[in-house]
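Common to both upcoming complexes is chain A, partnered first by chain B, then by chain C.
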Partner chain A sequence: MTTTLTRRRALLGTAGIAAGLATPLAAPAIAQGAPIRLGGLTTLEGPFATGGQDAFRTVQMELERINYTVGGRRIEFIRESSNAQADVALARARKLIEQDNADIILGPLSGAEGIALRDYSRTLTGRTIVNGSSGASDTTLRNPSPNFFRFSTDGTQWMAGLGRYVYETLGVREVAVTAGDYAFPYAQVFGFNIEFCRLGGRVTQYWAPLGTTDFGAQIAQINRSSAGALVIVHGGTDGLAFMTQYAQAGGQKPLIAGSIMADQTMLAARGPHRRVMVGMVSGGPIADVIDDPDWREFVERYRRRWLNEGGFPSPSIHAVNYATNLWGILKALEAVRGDLSNNQQAFQRALAAAEFKAPTGANVKLDHNRQAISDIFLNRVEERDGRAQVVAFARANAVNQTLGLPEAQFLALGAPSRDNAGCVRPS
Partner chain B sequence: MRSAAFRAIGALLLVAAPFLLLVVLPQNQALFWTANVLGRAIVFGIIALSLSFLATYGGFISLAQMMVAGSAGYAVAILVDGAVPTIVGGVPYALAMPIALVVATLMGLLVGAVAVRTRDIYLLMITLAVAMGVFRFVETNIAWFNGYEGIRNVVGPQLFGTDFRNPYVFYYVSLVVAALLYGGVLYLVRTPFGLVLQGIRDNDRRVAALGYSVKLHRIAAFGVAGFIAGAGGVLATIYNIGISPGTIGLGPTVNVLIMSVIGGLGHPAGAFIGSLIFTVFDTFAANIYDRDRFNTLIGLVFLVIVLVSPDGMVGLGTRLRSLLGARRAPQP
Partner chain C sequence: MDLAATIVLNGLTLAALYFIVASGFSLIFGLMRVVNMAHGTLYLVAGYVGYRVFEPLYDADVWWAWYAGLAAGIVAAAVAGALLQWVLLSWMQGQELRQALVTIGVSIIVADQVLAIFGGTPRQFFAPDAIFGSTRVPFVGGYPTFRLVQIGIAIAVGIALWLVLNRTRLGMMIRAGVDDREMLGACGVNVPRVGIAVFALGAALCGLGGVIGSTAQPLALGQDGRFLLISLVVVIVGGMGSITGTAIGAILVGLAEQIGQAMFPTYSVILTFVIMVAVLALRPQGILGRA
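And then the complex of A and B:
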């Protein structure tokens, strides 16, 4: 009895001494008053410029809300822009790290950039890159980097439940898939196909490189085909071009969409595409209307801040992904009281352990590859309050990167690519 | 006499630059400038040099030079060990880099052969068409070029036990390569081949009447330019830790032309001056001007340079010198 007491006391004493020692040791680092330098990298140029601008809107809004201070330290936010090309993103990230001396990078926005920055982050010590909105699955699934964290879900996760919905609820047995020819759409198509083909559905793929402006030939083929529905996995200016031309060609098929298609970056743009987009079903990490008080509050805040300064009626998917990742950073910085010393070891541990609710009300935590496990919504585009809005009608909880398959089995399917789009027939 | 002194000072400055930067800037920024401003400027200067060589001494404005550089970059990325994804792999850098130079030279010869009967704006268009054709092919071909994502993790060889991408190693290797190519161009244009080339520029019919084959000389000139661009392409690929179609797209293709033009097409040195100005503005414009609109600033600067001096910075230098010389002349 006495021994336990002494041990306990000894432990308490040691802890006390440790705390006492730690405080003066930690204090000078903070007392120097050097701000935490947070580099923001998004696409203010190129096909995703509107999404990139919106991403910086929520980041700025959330930093203003905490008055650019976290854990007792000021945050200095440094903006950089790329154009969705991997080498440009890399050059800008280098500038942020090496010239601007950023401690943490928040970004990038698009898939191939994410893979390039993941590789770059591996060459860094004592710096951390936290994803912005890039959603290629291999960024964290294969060859992950210890310095790269992603609190947003990837393109494959975003399609969770959609293939099953199309096959079972809509009763469609054959679809045409049109998608961009790069990492992120591969991940999305993979996520859709893996469910749809497993149930016995048939898929015809149509690929187009990012930056395509003329989809005429593709649309003619699709309209002639026997597909019962059309799955569109384009975004940005490509998505707008496809939808405009599809509407003008008098397309009639029921529309299923990838996550960056059924989004305010598309719905807020004027044109004939809005007519055909009503009724479109999609999957993704956000919707305009989600029955969740946290989300309603977030949207209200966004509208108050940005509606008169060029913002969308409701934050876009990129804006919410950037905000989610920013929240992850802030959560971890708070946990370590802004301490980035010791090569950011404590900070990175705190990042890996962070659990919180995203702006959408979805629960977020990280897996062993530092990739988010979070909730995914099934959405439909509806006319509400006189404008087209994306309305969530179902929710899949805690979707992981392998869509519930054992990791080894999922990895054995191979990396998503044009030739490996996830359509594995049931054997 | 004076220009020789200028040249010696310039060369000394370039050799000492990484250490001079350390004196004026904090260490991490000096490293950034060494590799990512000066190093990058030299590498892209080499690619611009291939265009300047063609334009200055042959009168050919080729928009295919970035694509030719990219073909060398892709050759390295496809062949070397460690690249992701592995296409061929297993070839050491010591072998892959010469192969890449051969590929670029052949590609240059091919472009030259395709464009051999065109001149002026038609030459510009046909080289642009070839470049865009290759760009689209590379972008959609998965088996050899891995499509839109390209090939990553090309880290470069070990050199004397140090990483190739160490800022100092990278800078000095690029500088030596650039100096050799620059010297090579200056030597080549004084050889009979170079003189014939300048003859073609001034009057190709007369050269043909003298008994020279204009076509062969033109194609050979494109081959030489391909070799130069290839050297730049290999270095650029290692600098970017890989290569993707975006590297040889329309933007970079035009950027190389911009570098050559703002530097001045009158002299090969213009390529490097233009490339340095371009790199500095491309890197820092966002610091100087609104981050959402910094491309406007870049455009304006280039516009001003071309308006003030149609023959670029090199022309500006010559003009200033003649102005000073004219003032000094009545004095003695």
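And then the complex of A and C:
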């Protein structure tokens, strides 16, 4: 694998020299009549390839809808791909900025990538990175960068209301939590635990590195434990492997899920996991079925455009997050009539002030860290129209990044990590 | 107690899969001295070609869908392996570094083609009901039948491989070729053809592992790198070119992975490599390798 990178880097290096030589000639491109260069970065490789592919579907759809023009300027969209690893995402982002001369980057998709790009954005002048779908909380909560904006909610926010639901409505007092061992699941588990443990619930934690495909040992332990429910915070290939093996091992516990588990990327794949997923309760920024006219219209548009070209029956979470962030960019570009001059100062002010409705009908605005405050849905997987769908049954309005806790108190809990999973019992 | 038994059984079933895949790698290296860095690619090729054959049959609800997919996967891998040796590697025989680099190149190209043709959606085979449910195992309770089948297949592969190498004319030619290629050629044996046969056989084993593995775990891009790495570790630990050594290596790696996952999940990946480092330090030729 190292060799792949080396070879690509060598090629990139050569291309970089070529681009460097060409820059003096390309300089007038910054002028007002030239297109705005929007670099898209998502994962078309690795464990989240399916979600990344879907993210570019909605981005393309929304750009086609406005005919690649906003505020009187054309948008040139440049696609780039990573594999959910932070170092690869960083290399591709540099390529977008340094060689493709992108003004704005829309991306990345995965948690650790987001933190890497947040740090990279701090070194840039006159360029802006707007998140794609990455949901690690620290990306904007701790040490935020003035050049990084996130109109999508983070993994902690997505679990708002879920811990309370499990404790109060399901009456479960002890859960097993299985999660990927990286930034995004840390944030999700933190969001669940913080509510569940505060109410008095007990949690046993099972971590597995991203890319695990045999969960046999873990499932054996979970099935033997006394936990009354199982919280699953895996996604992509790992999620599919876990659910398939859980179904094969005859798992019986009520299932609670993270936001990228109860999603069309999982429900559209065939296999025995579908059987156990019906009835699963989850939290997140979207559902397949939301009782909202804006959402129905968006889903209809997505289906018309993509159903015959490999799209899902309903857009995935990544597709909606990318669309939400793209809408934020477009809103701000419209407000400044496409003016990116003066180191994008006016544009960044417009981004920070943007308020709009996401494709789901959720209201979006940014906090002082340039992080979205938005609505979160509680969902259940149900059989509808002969297929499994994620149906929203409750909605929490204007959930902020600290889940309503005062920011200082939330920060004092420490950054979500393997050893700090948010389970603080009331003393 | 029953938890420990389950974890050990999980380790053994995983080891069975690793053995099937790594035995092909070991065979090719042991007899051809080619470090085939495209071994994981053969796994992918078998999985995806097998799936192409499997899916429509499965939709049509044919009981032999899985067997057809298995056969198609094995054949596809064998053909790909034979072509690899015949078209690319045969004319750089003995230049080990060059062969390793060429196979790395092949693996990159094929992985990108697979992404272009099949997309990134993970896929999984579903075995016939007879071997897909769960079976009661003493001390363990209900256990996925397919994982037990994996052990059976691995044992069958081990025995068959031993028989082919030690009891057939082809095996005799292969063993002779390892010791002295030129003398074998002088005896009237078409040595390049023996090389192609060995490659096809090793690739077919990898293809078998590809379909079996894609029934037990999702099939997706990235599995090629994973199984190449596992094959390398298994073969380094067990000893290059020894079938028994490969089996021992696979069991060690499989058990380490599962026990590690149960006891210290974060560092379970490292445990595998700790075993490899220990073997390299104490017995560089591998546990059963010839010095």
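Following the convention adopted for this analysis, the second predicted complex is superposed on the first by the 395 of 427 C-alpha atoms of A that agree within 3 Å, B and C clash if a C-alpha of one lies under 4 Å from a C-alpha of the other, contacts with A are read in each partner's own complex, and residues count from 1 in each chain.
The criterion applied here is as follows: contacts are C-beta pairs under 8 Å (C-beta built on N, C-alpha and C of every residue); 3 or more make two chains touch, one makes a residue touch a chain.
Keep in mind it's a predicted model, so treat the numbers as computed, not measured.
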Overlaying the two complexes on chain A, which is it for chain B and chain C: clash or fit?
clash
Who does A:R418 touch here: chain B (first), chain C (second), both, or neither?
both
Does chain B (first) or chain C (second) touch A:E80, or do both, or does neither?
first
For A:Y165, using the defined touch cut-off, is the partner it touches chain B, chain C, both, or neither? Pick first, second, both or neither.
neither
Which one hits more chain A residues, chain B or chain C?
C
With the two complexes superposed on chain A, say which partner A:P47 touches: chain B (first), chain C (second), both, or neither.
second
Of the partners chain B and chain C, which touch A:F298 in the superposed model: first, second, both, neither?
neither
By the touch definition at the top of the document, which applies to A:T213: first (chain B), second (chain C), both, or neither?
second
Tell me which partner A:D181 touches in the superposition: chain B (first), chain C (second), both or neither.
both
With both complexes overlaid on chain A, does A:F196 touch chain B (first), chain C (second), both or neither?
neither
From 5-13, 23-31, 131-139 or 149-157, the chain B stretch with C-alpha clashes against chain C
131-139
Once the complexes are superposed, what residues of chain A are shared between the chain B interface and the chain C interface?
44-45, 53, 83, 181, 207, 209, 418
Listed in rising order, chain C residues that touch chain A in their complex are 2-3, 6-7, 10-11, 13-14, 104, 108, 115, 119-124, 126, 132, 134, 142-144, 146-147, 216-218, 220-223, 225-226, 257-259, 261-262, 265-266, 268-269
Please output the residues of chain A touching chain C within their complex, sorted ascending.
1, 3-4, 7, 44-47, 49-50, 52-53, 83, 181, 206-209, 211-218, 220-221, 224, 236-237, 240-241, 244-245, 248-250, 268-272, 310, 418
Which chain B residues qualify as touching chain A in the complex?
28-29, 31-32, 36, 40, 84, 136, 139-140, 142, 147-150, 152-153, 240-244, 246-247, 249, 251, 283, 286, 291-292, 294-295
Chain A - residues contacting chain B, complex:
44-45, 53, 79-81, 83, 85-88, 90-91, 94-95, 98-99, 101, 111-112, 115-116, 119-120, 143, 180-183, 207, 209-210, 417-419
